[in-house]
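Scrolling down, you'll hit the structures one after another.
Next, two complexes with chain A in common: one pairs it with chain B, the other with chain C.
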Partner chain A sequence: MKYWIGCILVVLALAGLSLSNMNEYLFFAGFVILQGVVLASAWNILGGYAGYVNFGVPAFVGVGAYTALVLHLAIDAPLLVQIAGGMVTAGLLGLFVGLLTLRLRGIFFSIATIAVIFILEAVVMNWRYVGGATGLQLTRPEVMAPFESYTRMLFVVMVVMAALAVSVARYIQISHIGRGLRAVRDSEEAAECSGVPTLRIKLIACVASGGLLGAAGTTMPMYLSYIEPASTFNLTWAVSALAMPIIGGMWHWSGPLVGALVLGTLQEAVTVTISSELNVLVVGVLLVVFVVAAPDGIIGLIRKWKTSSK
Partner chain B sequence: MFFSIELLFEAVLFGLLLGCFYAAVSLGLSVAFGLLDVPHVAHPAILIVGSYGAYMLGTYGFDPILAGIVLMPVFFVFGVLLYRFYYETFEKRGSQAGVSGLAFFFGTAFIIEILLIIFFGVDQYSAEADYVGGSLELGGIFLPYRLLAAFGVALVMTAGLSFYFSKTFTGRAIKAVGQDELALRLMGANPVRIKQWAFGIATGVNALAGAMLIVVNPVEPSLDRIYIGRTFCVVVLAGLGSMSGTLVAGLLLGVTESIVMMFFGVSWSQAVAFALLLFMLGVRPQGLFGR
Partner chain C sequence: MENILEVTGLSKHFGGFTALSDVTLAVAKGERLGLIGPNGSGKTTLINCISGALFNDAGEVRFKGQNVARMAANARTQRGIARSFQIPRPFGSMTVRENLLVPLSYVRNLFGAKAVAEADALLHDMGLADRADVLSNQLSQVELRKMELARAMAAGPDLLISDEAMAGLSGAEVEEVLDILFKLNAKGITIIMIEHIMQAVMKFSQRVVCLDAGQIICEGSPQEVVANEYVQRAYLGD
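Here is the complex of A and B:
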């Protein structure tokens, strides 16, 4: 109950901010940071709880983005319909990836998810309707009533999406699905023998994770007013989505949230003050430093510090 | 799509040359991942470093292939250190399984890529040598010398490693550590030192492979992403750790890719390796020649 009150208060506060006359750039940057929260929380459902490392994040983001684009081009669908459509197709991709877990574990699963990205990218590059390899320029529709600008509206959409992603990740963690996924991570055979329906919970995790990753992608075409395959299916998405939960901590739903906020803010600061190449380097370096020195992330460090100070 | 027997023949011939090259760039991974079971996703990134190394030495007048050979000891030492670090931080604690090991190598690959962008920029670089431009005419088909050179070096490399792993004492020890580490330990050998040596070889071979890569094609920092697909495709197709299997798998990939490129274009051919990889993983993860 405490969680839900807090969650609603944060959402309302952030939505309220968008009606104030703060600098437009803050919403532009806030959108990216919150998108990180969605990606990190969604990735962690499969990667953190179940230990299946999904490098295919760009594939889900791309499927979400291009579904939204097709809906926009074909029937001029409103943003919410685009998001819903993107979640459905990305969820279906999640189901497919989930079926891969039947035969593949560890690095084999991860490599297979990388393969999915490049196959989908090739398909999109050869699909004239969505702009092929060169991409498409889009015009944003008119913004709706209470919002001053389209960026502010997308910011609020992303606030709600982040709240949804964190809530789903939290629900999965504390429900029987989360217990089952942890059992799968520790030993899939033992879990299966103890009567955990491993396939079913893995599929649930894949669909939930995939749908949310896709949702994060659906807003990309409208956010940039432009879409092209090379940056949409870029592996950089995968490094960030992997780095944020590892930095924050993978064993608890709050880990990806903390990691995404810390890393996102740091990246924005580096982009503004130094350069955008360096901000990708920051992700890589922090990822390696944490995985080597503090595998349980910030949450793990806090917990360790708390128990030792008692 | 225009189809003719001559074009098909040409595509197959090109594919065989290219495939031998693909086998060569995958040899290091075949050792590191196939034999030692290290989730070495950073292998293609190190390969690209080899290419840039060959380019740098090339500006001092080195022939690219000679540059690759000169770089081998440096890469060997780097490989030994990298494995040592990986062993101390992950394998020793038993935490290499799952997320950690993979995340470590994935992050490392990314750091390498960004550093290359920072030092060299995103432009393409190519090697300078007499054989890079010209081509050999063979009954109406032009075979570029650069591809023939890479083909020759690749054959020598594959044969050399194959010989090393089957005939020499250390080579056989490396194979043994891949098969049964505990048994090796009981024989009184130190598996960590053998693995360290093997990983050094895997990385050293990568220097020469990278030098060949820049002979075959211009390189750019993000090229390693495509090569994740190609190298893993070859290693998985071959069945883990088989050297001669690697050659056959490389040829298979080369020919398929070349045919797709000829008849469908480059935008599809880059996905061939990934499609083949995904198909193989889904249908027969132990590879064509796996046990």
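Here is the complex of A and C:
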């Protein structure tokens, strides 16, 4: 109950902020940071809980973004329909990819997920309706009341999406699905022999993770007023989605949240104060530091500190 | 007595290597069966085929009258086959109690306080009550072996396959594990014990089956099997 009260209060507080006269850039940056929360929480469901490292994040983000675009172009669908459509399509992609690849383990699974990116990027590059390789410039629809700008509205949408992603990740972790996924990560054979239907729960994780990754991509076309395949299917999505849970901690739902907030805020600060080129360097350095010095992430460090201070 | 497990004409190949060739075996309900054989004789492959960790290439595995040969391992566990592993495979990120909660929730649909109470009762029976909250990767060898047996028991099995549960243990620890297995059998659980420690096999088994090069070369009472010429040749060479 505490979690839900806290969650609702945070969502209301952030939504309230969007109605204030704060600088527009803060919402622009806040959108990116919250998108990181969605990506990290979604990725961690399969990558963190089950130990199946999915490098195919851009494929799911891309499917979400292009589904939203198609719905916008074809039927001028409202944003919520675009998001729902993107989630469903990316969830179905998760199911399809899962059925094909989840019998593979370790590096073979990861390589198979990379292949999905290139296949989908090639499809989009040759699809004129969505702009092909050059992409499409988009005109944002009218902003809805009470928001002053489309960016503020998208910020609130992303706040709700982040709350949804964190809540789904939390539910999966504390449910017996989460326990089954942890068992899979520790020893898949022992999990099977303990009655865990490993393929089924991995598919559930793949669909939930894929659907949320897709949802994170649905708002991209309207956020940037532009979409093209090279940046939509860029591997940096995968690096970020993987780095944030590693930095925050992969064993608990709060890890990706903390990692995304820390890394996202740092990247935005670096972009404003130094240069956007340094973003990737920040991710790389932090990733190496945490993998070497604190493999359980920030949440792991806090737990260790709490245990030792008792 | 009624058979709980019937293996008929079981074969398994790994590429050109024949791990099991036309193995036929029946285990009676409530029986204590010892499975012996030199290294590489196919013992673990046989129990992998029975438990579902591997699919056999030919033959049948009938458990409680039903052919389970094409079932996934988790489905066989749901039907009452549980096992421990030759090299212990704890869920290392979980506590000892949480290890047991996995089969309790997935096989017996027990959750919350009921599941915890059942897990604690099982750990008490195994002498691990005071280790319930310890991470399972911090257990000693004998504790790991007991935890694996407790985890297998948490699935509420009718057939327990113990794969070298005494490997690497001291004499006193072997007795401790044997005592546990006897108690489980007294509750009506059929047990197949794979073991290299012959004293333990002799003491525990009502019947012993000896495998060599993927084939059953002898079966009978422990005394008969130990005295068998083929068994002696398989272990000691010509």
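The definition used in the following text is that the second predicted complex is superposed on the first by the 307 of 310 C-alpha atoms of A that agree within 3 Å, B and C clash if a C-alpha of one lies under 4 Å from a C-alpha of the other, contacts with A are read in each partner's own complex, and residues count from 1 in each chain.
Keep this in mind: a contact is a pair of C-beta atoms (placed from the backbone, for glycine too) under 8 Å apart; a residue touches a chain by one contact, two chains touch by 3 or more.
Worth saying up front: this structure is predicted, and the values here are computed from it rather than measured.
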{"item": "Touched partner set for A:260, first chain B, second chain C, both or neither", "value": "neither"}
{"item": "Partner chain in contact with A:187 - chain B first, chain C second, else both or neither", "value": "second"}
{"item": "Chain B versus chain C as contact partner of A:251, first or second or both or neither", "value": "second"}
{"item": "Touching partner for A:213 - first (chain B), second (chain C), both, neither", "value": "neither"}
{"item": "Most chain A residues touched (candidates chain B, chain C)", "value": "B"}
{"item": "Partner chain in contact with A:93 - chain B first, chain C second, else both or neither", "value": "neither"}
{"item": "A:239 touches, of chain B and chain C: first, second, both or neither?", "value": "first"}
{"item": "Partner chain(s) touched by A:47 [first = chain B, second = chain C, both, neither]", "value": "first"}
{"item": "Touching both chain B and chain C, residues of chain A", "value": "185"}
{"item": "Chain B residues touching chain A - in the complex, by the definition given at the top", "value": "33, 39, 41, 89, 95, 97-100, 102-104, 106-108, 110-111, 114-115, 117-118, 225-226, 228-229, 232, 236, 267-268, 270-271, 274-275, 277-278, 281-282, 285"}
{"item": "Residue numbers on chain C that touch chain A, as the complex places them", "value": "51-53, 72-75, 77-78, 82-83, 85, 89-94, 98, 101-103, 105-107, 111, 151-152, 154-155"}
{"item": "Residues of chain A defined as touching chain B within the complex", "value": "47-48, 51, 53, 55, 100, 103-104, 106-108, 110-112, 114-119, 121-123, 125-126, 133, 185, 235, 238-239, 242-243, 246, 250, 277-278, 280-281, 283-285, 287-288, 291-292, 295"}
{"item": "Complex interface listing, chain A residues touching chain C", "value": "176, 179-180, 182-183, 185-187, 189-199, 251"}
